[in-house]
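Both of the next two complexes hold subunit A, though its partner changes from subunit B to subunit C.
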Partner chain A sequence: MAQTQTAGLQEQFEDLTQQRETSNLGMWIFISTECLFFGGLFLAFTVLRHAYPVGFATAARHLDLLSGIAGTVALLASTLAMSIGLAALRNSDRFLSFLACFGTLACGLIFLGLEGSEYFRAWHEHLVPGGSFQFIGPEAGHVQMFFLLYFVMTGFHALHLTIGLGVIVCMMLLIMINRLHAERYGPLQVAALYWHFVGIIWTLLFPTLYLLGGR
Partner chain B sequence: MINGLEVIEVENITRRGSYLTDTGLGSWLFTTDHKRIGLLYLFTIIFFFSIAAVAAAAMRLNLLTPRGDLVQAETYNKLFTLHGVLMVWFFLIPSIPSVLGNFLVPLMIGARDLAFPKLNLLSWYLFVIGGLVALYALLVGGVDTGWTFYTPYSSTYSNTHVVIMALGIFISGFSSILTGLNFIATIHKMRAPGITWFRLRLFLWSLYATSVILVLATPVLAILLCLLAVERVFGVGVFNPALGGDPLLFQHLFWFYSHPAVYIMVLPGMGVVSELVSAFSRKRVFGYKFVAFASMAIALLGFLVWGHHMFVAGQSVYSAATFSILSYLVAVPSAIKVFNWTTTLYRGSIRLDTPMLYAVGFIGLFAAGGMTGLFLAALGIDVHVHDTYFVIAHFHYIMVGGMVTAFMGGLHFWWPKITGRLYPEFFGKLAAIIMFIGFNLTFFPQFLLGYLGMPRRYHAYPDQFQVYNVLSTAGASILGVGYLMPLIYLIWSVKYGKKAGPNPWDAKGFEWETDSPPPTHNFEVIPVQIEDPYNYPPIS
Partner chain C sequence: MNRKLKGTKALQSSVRKFCILFSVLTGLVLVSAGLSFVRLGGFEVLGIMLVAFVSVGIIVFYFMELGSLTQVSWLWAGAGLLWFGILFVLAMTDYLTRSWVW
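And then the complex of A and B:
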């Protein structure tokens, strides 16, 4: 009994419950940091969008709305799969949990693929800021400003998502070798928290970048 | 407890050794022991402090003569940038939290380690990498923007290595965030039985408040530096008005981080002083709850006052007035602390050992720095003294007079716990007094200089300011002696100091109940808090 209780318990904790609660709290604190990180970006975007509504609306129309919607759906589906994966693990259904994590991974990859094709199209149309940027029209400068912020904001989001995908792969491995199970689901819970946060950021990015103005 | 058992326990501890027993390099570089990581931070910040202090010495030497004979204007700009960047991000912010905090948080709450020991080690590595990147920026030619990186100068016109320096600060920012995260999680979840929130040591309350700022303010700096770098690299406006950007947006975001960061640079010092004042007057801290809540109030109000850095930057009269009033409000919790410390002294059994000399010095210097802060929060006076040496003197009273003094006090107080040895008391007292005199001689003349109108960040000045500048430089040399002395006798004491024993100050607290230096896992048995902290016996 004592043996099973202490398996996977780090030396600084008294028991698994304390360890799980502490990890959860740690992730919540990290999420609060991330909120302020993305918050700075949203603020900068809002200030500049307020200053140049026409240019930003023009630029937003050059994003592919359908691709954006498809990505949003994929990401929402991935968070659903993540929730199922956690619930399944807590109900001792390791196989379903593994499957759901795989679903999360697949949906996340679809999202990254869609965003990659958006990036490629923007590059093809010379909308990437810097030396190769070309845009004919009076608002060219502000369109470039929009795309600078677009790439920074979605780029940071994609970076977070990629890290999340790596974490999910680790979780799948841990489920496979029975290191995660109904008694020890803490790490998956923390990973799920992070993944949901990445999803929430996208649900704010999508309307901000794709939907505001002129659609 | 039976005497025999105690003897056996002591023998066990001696046989097992302390956290310092292992001496291999690998045992330090891959340690997850919070005490060792605290020491790693100590060595690192002393390194950065030394470089930044040399830059300060060069500036003070240059200002001996009105024409600035030592360095050219460009070099001077690089010197004050280097001094500011290293002192703020690579010395002051990690000073008390990452050195004393890392060492003491688990000891004070009766835990074997912080909640996330590996993250703790990671944060030290991030700090070192960030520092090395910043040093690289120095070696390839330096940066001349000042530590504030104001745009559009930093993003467009400066021909120095802004992006590299920003990258260094960006990386070290994550070190701050991870440290804050670790402290919050530890204080919430790992307190030993009996430590309720109102039995928490005041040092921990102040670190908790500091951690909230570290976690919530630092990411804004990170994203700001990213946007600055992006604007500089791609030449697309975010902040540069010539490209359609908003320079005030930069200042808002910068001070949204950097004003709370000022409280990162003093709140932990306040926590240390609360501990020192109580231990050396042998009384509980007067108004414990007020002191605890004052820390939280300073942290929260600190987020609402950033606009007082922008009174002359073109924000509206209404926001300026609002920021002015909110800035005054910060004085309330700050004053509560000062009053409570002084009241704690009242009818205490005061011993003026070295740590207490620093603590008393802190109270006076912090009061002076805080009061002059009120001048700067006043709209009219700020227009007169904005960007003058008055501002320089004010924030050095808080950061050097406050934080560095508290850091030295705390370092001396817990030095016997850290090393197991006592430092030489006579030299300790002498250094504390020299530091106090040197500090005041350096920075008090700068109040006068600023009030008379000498602007900051110039390498030359009109003749009539020379007297004060000579006084200030003379003071700086005394201050330098004050800093060198502890460096020498503390190192000496590690080998030759008297053995300290578990509790040389006869102070209250879990850290004094375990061995000096503590064993690797801090406590044989997790202690239980059965009384209020600072519950000293009545003074007869």
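And then the complex of A and C:
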């Protein structure tokens, strides 16, 4: 019976490097399927924006640009913190890694707060699609279509982000109990890949939703 | 001791690199926001999306460490991009050419 000589090494792997590379591959496969998931949403938005440019531009101007910029910067800061956390763990600085993960968590929560305030504003202005939607003007139908896509796209992104926040909390706990360290940083590397992917989706969502119609 | 010092230097270098990249990405966000206020006859849309793709490129290459991937991971990353391209290009080709009169 094979003996596991290194802590954290699963028996089907030769060494931790092979285990880490396999985990990374799994995450890249997941990311490539996620590209197709979000790709469908971006495609729907592109087709409808091309069909109804005036309605979509009118609707986009109802979004708060400053809130969008602040959210984007918060998410970029979380990406920065996540990368610092991984680099710190690789270089045996568990305390800095823990702090950086906490920073990532804080930035993610700030982003969710900003998005929540944007949702509240839309609800307050009766821009949530459905029975309570109110918009005066000839483009009302297309504005409602924009907001439907806005809520679906940002909602799915927020769901991914929330899952990511849960994963980061788990990583912080693992760092705290010394299950993650300089020799075994694979799980944090995979979590970082996921988090960066969530950041990439927002990097494309922000200009698509907030900027394309002009201000 | 020497190994620890080396690790600290490597960490400092990584942190510096990530901070510079973060500044560049933040700058790009502001540039794309600025572009939404100018009218360039439709070219502003191209500019905004170009800036977004440059930002994505920076995140993928530097933060997701695309350079240090194994070949099979490269294959999957490329496959994801290829299928995304097929989805977009084929669908838009159909949609944009429907009104053409032959």
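Simple rule for what comes next: the second predicted complex is superposed on the first by the 210 of 215 C-alpha atoms of A that agree within 3 Å, B and C clash if a C-alpha of one lies under 4 Å from a C-alpha of the other, contacts with A are read in each partner's own complex, and residues count from 1 in each chain.
Rule of thumb we're sticking to: contacts are C-beta pairs under 8 Å (C-beta built on N, C-alpha and C of every residue); 3 or more make two chains touch, one makes a residue touch a chain.
Bear in mind the structure is a predicted one, so any value in this text is a computation, not a measurement.
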- Is A:H142 in contact with subunit B, with subunit C, with both, or with neither (first, second, both, neither)? first
Go through the superposed model and pick first if A:G39 touches only subunit B, second if only subunit C, both, or neither. both
*Figure out whether A:S117 sits in contact with subunit B (first) or subunit C (second), or with both, or with neither.*
neither
(request) Could you look at A:L48 and tell me whether it touches subunit B, subunit C, both or neither (first, second, both, neither)? (result) first
Does the superposition put A:V152 against subunit B (first), subunit C (second), both, or neither? first
Contact-wise, after the overlay, does A:A88 reach subunit B, subunit C, both or neither (first, second, both, neither)? second
The answer to whether subunit B or subunit C touches more of subunit A is C
- request: Would you check which partner chain A:L25 touches, where first means subunit B only, second means subunit C only, and both and neither mean what they say?
  value: both
Between subunit B (first) and subunit C (second), which, if any, makes contact with A:T17: first, second, both or neither? neither
One more residue to check, A:Q134. First (subunit B), second (subunit C), both or neither?
neither
Dual-contact residues of subunit A, meaning touching subunit B and subunit C, are 21, 25, 29, 32-33, 36, 39-40, 43, 47
Residue set of subunit C touching subunit A in the complex reads 4, 7-8, 10-11, 14-15, 18-19, 21-22, 25-26, 29-30, 32-33, 35-37, 39, 44-45, 48-49, 51-52, 55-56, 59-60, 63-64, 69-70, 72-73, 76-77, 79-81, 83-84, 87-88, 91-92, 95-96
Contacts from subunit A onto subunit C in the complex sit at residues 21, 24-25, 28-29, 31-33, 35-36, 39-40, 42-43, 46-47, 50, 65, 69, 72-73, 76-77, 79-80, 82-84, 87-88, 91-93, 96, 192-193, 196-197, 199-200, 203-204, 206-208, 210-215
Counting only contacts in the complex, subunit B reaches subunit A at residues 106, 111-117, 177, 180-182, 184-185, 188-190, 215-220, 222-224, 226-227, 230, 233-238, 243-246, 249, 253, 521, 526
Listed in rising order, subunit A residues that touch subunit B in their complex are 10-14, 18, 21-22, 25-26, 29-30, 32-34, 36-41, 43-44, 47-48, 51-52, 129-130, 141-142, 144-145, 148-149, 152
